[in-house]
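I've put the structures underneath this note.
Shared between the two complexes below is subunit A, which pairs with subunit B and subunit C, respectively.
Entry: the complex of A and B
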């Protein structure tokens, strides 16, 4: 049984249907990427998984439990974390406070809390240097690191990441993708939505291509990159 | 417009060292807020405490009692700051809890009991129930609607008090007896004595300040500030922001009620105006004058505004006009209040003389 499964999901904003029967699955410790142009319904799919939208049809199953229609806070406590495109770190809280927020909603001993914080600081040494700084004083790349770290301290089993490389310098993008790959080696499954197809395909074990709310192609990264029609659509 | 000013964060001792502190150290740390960095704020808190401690020896009975009144309104201003400075909710109806506590306390002393502790239990219970219900309704509304609902609820209570003959109608209740409060068996607090009354209220206020500070410096406070920063993001970290806001609202209601609990003992009467818009807005102006989001600022603001009002009141009856002008001036020119001004002044001086 896969860790996470989406079965013919339909979602809509009021009267505008956006997602039409999307199905895919993510296994434990796997990176799965979703590609597609703007407006293909990728972000909407992620939001529906997180409970921000209620699916109009279809099933969302996580660890054998149907989670469709749960509120975002409950979905998070089931073990799914979400890093939105605009990062949404807390501007007037310090780096450390931002991270502690990721921990606080589930009870943990002080020792375990420090362990989780250290794990994030080992992943992103830059955050350790800036632990006392306010969120708004960080650069774009550091904010993205903080957003990833904040999702990670809660020890999720599945992490949804929406366009992590958006608006970042190439050097920083390298660092972010390295950290994503390292997370997989620590056993976190990732569902990645990304415009940077080459970079994402390089760390994925499985890729899906979405267009107009449907999945038009599914396969290994090599399969997808070899398909000339898909490459043209994604302008790779 | 009412952007709360957030003190920059200072290195905080790790969880390890915090556990090793003894009670005295912990009290000191509570008085010297760890996250509100600046030594300015610590010194200000210390200076305010010293000034407050010696004040009755300088002031004379009239000003001592005026200072007590400013402390009672200070609790209400503090409750505004809990909501505005931390949860980002502007309440225009904190007078509801001030008035509710004042009326319950007055009615119980007149008709039921002379035991302060029984009254305390009744007030805490009533305020908890009322704030739970009103909070559950008001918090679902966003932004200005939250302010309007809280304002409306306080006005309704005011009208009820105004039109109910049994609780004195528009005249209110007068002749409230001052009880002797038994602190411990054999130790009583005699509120007839101004000095005793003053230091008792000061002690209560310091305890409330420390308690509020401790709670809001914890993870709970961080969640509240996160909600104020970005309420859409908080659910994705596993928090149901409704419950956190509701808890903050109930907490603020209890703090505001402390003022009302003691007010009848100070003035010997209660009247419908205690529920009124004037009390609610005065609490907002006080926290704005002091500095929203600092917890200490509203306490300073309440003393300043109360004494200013008294001074102006001896020349003209239109003291509300002065209150309004103060409000406008602070919103336009000093939105982070006097504490924010002090912080900026000392920051610029620090730059000038490296």
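Entry: the complex of A and C
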């Protein structure tokens, strides 16, 4: 049984349908990437999984439990965390306060809280240096690290990551992708939406290509990169 | 020169001290109002009537012989419970709506009228006095202040400081500030924001109840007491900045001084007009108020 499964998901905003019958699955500790141009429905798919949007049809199954239509706080407590495209760092909260938000979902002892925070600080030592600084004083790369760390402190089993490299300098992108790969090695599964197809394909075990709300291609990274039509569509 | 100092000492200083005490009590009511607005986007027009209920609850409890001290502790809890019922039954079902600001405004307006009518039916339109916990007068440099007023000042100051500490220095406060700016992101970390909303509403109403007990021995209780106070509290919230904690405190102290000092020289009715004049000026010059919203420091 896969960790996570999407079965013919349909989702729509008030004004328009966006996702038309998308199905895919993610195994424990695996990185799965979704590619596609702007407006293909990738972000909407992630938002629907997280509960920001109700699916209009289809099933979302996590560890054998149907979670479609659950509120975001319940989805998180099931073990799914979401890092949205614009990062949504709390600008007027300190780095540490931002991280602590991820620890509130259930009771944790002081020792466990410190352990989780230390895990994030070990992954991103720069956050430890800046723990007292306000979120808005961080650079774009540091904000992305904080967004990843904040999602990680709650020890999720599946992380939904939307465009982690967007707007970041190449050096920082390297660091972000290294941290994503490290998370997988710690057993966290990732569902990754990314414009940087080459970088994402390099760490993924499986890739899907979306267009106009549908999956048009599915395969190993090598399969997808070998498909000339797909490469043209994604302008890789 | 001598005359001027004498005038300042005998006439102005007592008025300043009095306005300071009214100011902190006003800040308590405005704090609840501004917290609820900053977090839920709800303008609670029934807030003044919760303050009124606090006054009546104190009147009843003291009348039954419960004593002032137990009233001081129990009333905020009772009024908080009324606030909880209002939030749970009235406001929460309306929060998912896009037009929640306007429908909750109408709802709380209705609740305000109903609470006022209930007070009139149950306790009548007349004024009821509540005995202060202690009488006596303290003098500083030959300025005489009733001990009870000093006590009110102290308790209100503690409550204001506790609120600030809770919001800005605790983890719960971090959740509150985060919810004020981005509730769906807070929910995505497993935090049920309906609880955050509920607790904030209860806390804000509890503060109104506390102000009700504290001021009942000074102004006595009557059904429209909340209405008069709410209008002033709104002026405070607008001047201080909708949703700003520090703004509510600063503006409450400021407007109470404006009203208090102005009424030395012009009729009290005009002093009130002056307060709204200040509010209009702030609205024109700085429509967002003097301070930033909660979570946007």
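Keep in mind that, in the parts below, the second predicted complex is superposed on the first by the 235 of 236 C-alpha atoms of A that agree within 3 Å, B and C clash if a C-alpha of one lies under 4 Å from a C-alpha of the other, contacts with A are read in each partner's own complex, and residues count from 1 in each chain.
Methods note: a contact is a pair of C-beta atoms (placed from the backbone, for glycine too) under 8 Å apart; a residue touches a chain by one contact, two chains touch by 3 or more.
None of the values given here were measured: they were computed from a predicted structure.
S.K.: When the two structures are laid over each other on subunit A, do subunit B and subunit C clash or fit?
M.R.: clash
S.K.: According to the stated criteria, A:82 is in contact with first (subunit B), second (subunit C), both, or neither; which is it?
M.R.: A:82 contacts both subunit B and subunit C.
S.K.: So, A:220: does it touch subunit B (first), subunit C (second), both, or neither?
M.R.: It touches nothing on subunit B or subunit C.
S.K.: Quick check on the superposed pair: does A:132 touch subunit B, subunit C, both, or neither? Answer first, second, both or neither.
M.R.: A:132 sits against subunit B, while subunit C stays out of touch.
S.K.: Considering only touches as defined above, state whether A:100 meets subunit B (first), subunit C (second), both or neither.
M.R.: In the superposition, A:100 touches subunit B and subunit C alike.
S.K.: Comparing subunit B against subunit C, which has contacts with more of the residues in subunit A?
M.R.: B
S.K.: Jot down the residues of subunit A that show up as touching in both complexes, subunit B in one and subunit C in the other.
M.R.: Subunit A residues touching both partners: 50-51, 71-73, 76-77, 81-82, 84, 88, 90-93, 97-98, 100-102, 104-106, 150, 154.
S.K.: Within the complex, which stretch of subunit C touches subunit A?
M.R.: Listed in rising order, the residues are 171, 174-175, 177-178, 181-182, 184-193, 295-297.
S.K.: Give the list of subunit B residues in touch with subunit A in this complex.
M.R.: The touching residues are 6, 8-12, 15, 219, 222-223, 225-226, 228-230, 232-233, 235-240.
S.K.: Could you pull out which subunit A residues touch subunit B in their complex?
M.R.: Residues 50-51, 71-73, 76-77, 81-82, 84, 88, 90-94, 96-98, 100-102, 104-106, 110, 113-114, 132-134, 150-151, 154.
S.K.: Which residues of subunit A touch subunit C once you look at their complex with the stated criterion?
M.R.: 50-52, 71-73, 75-77, 81-82, 84, 88, 90-93, 97-98, 100-102, 104-106, 150, 154
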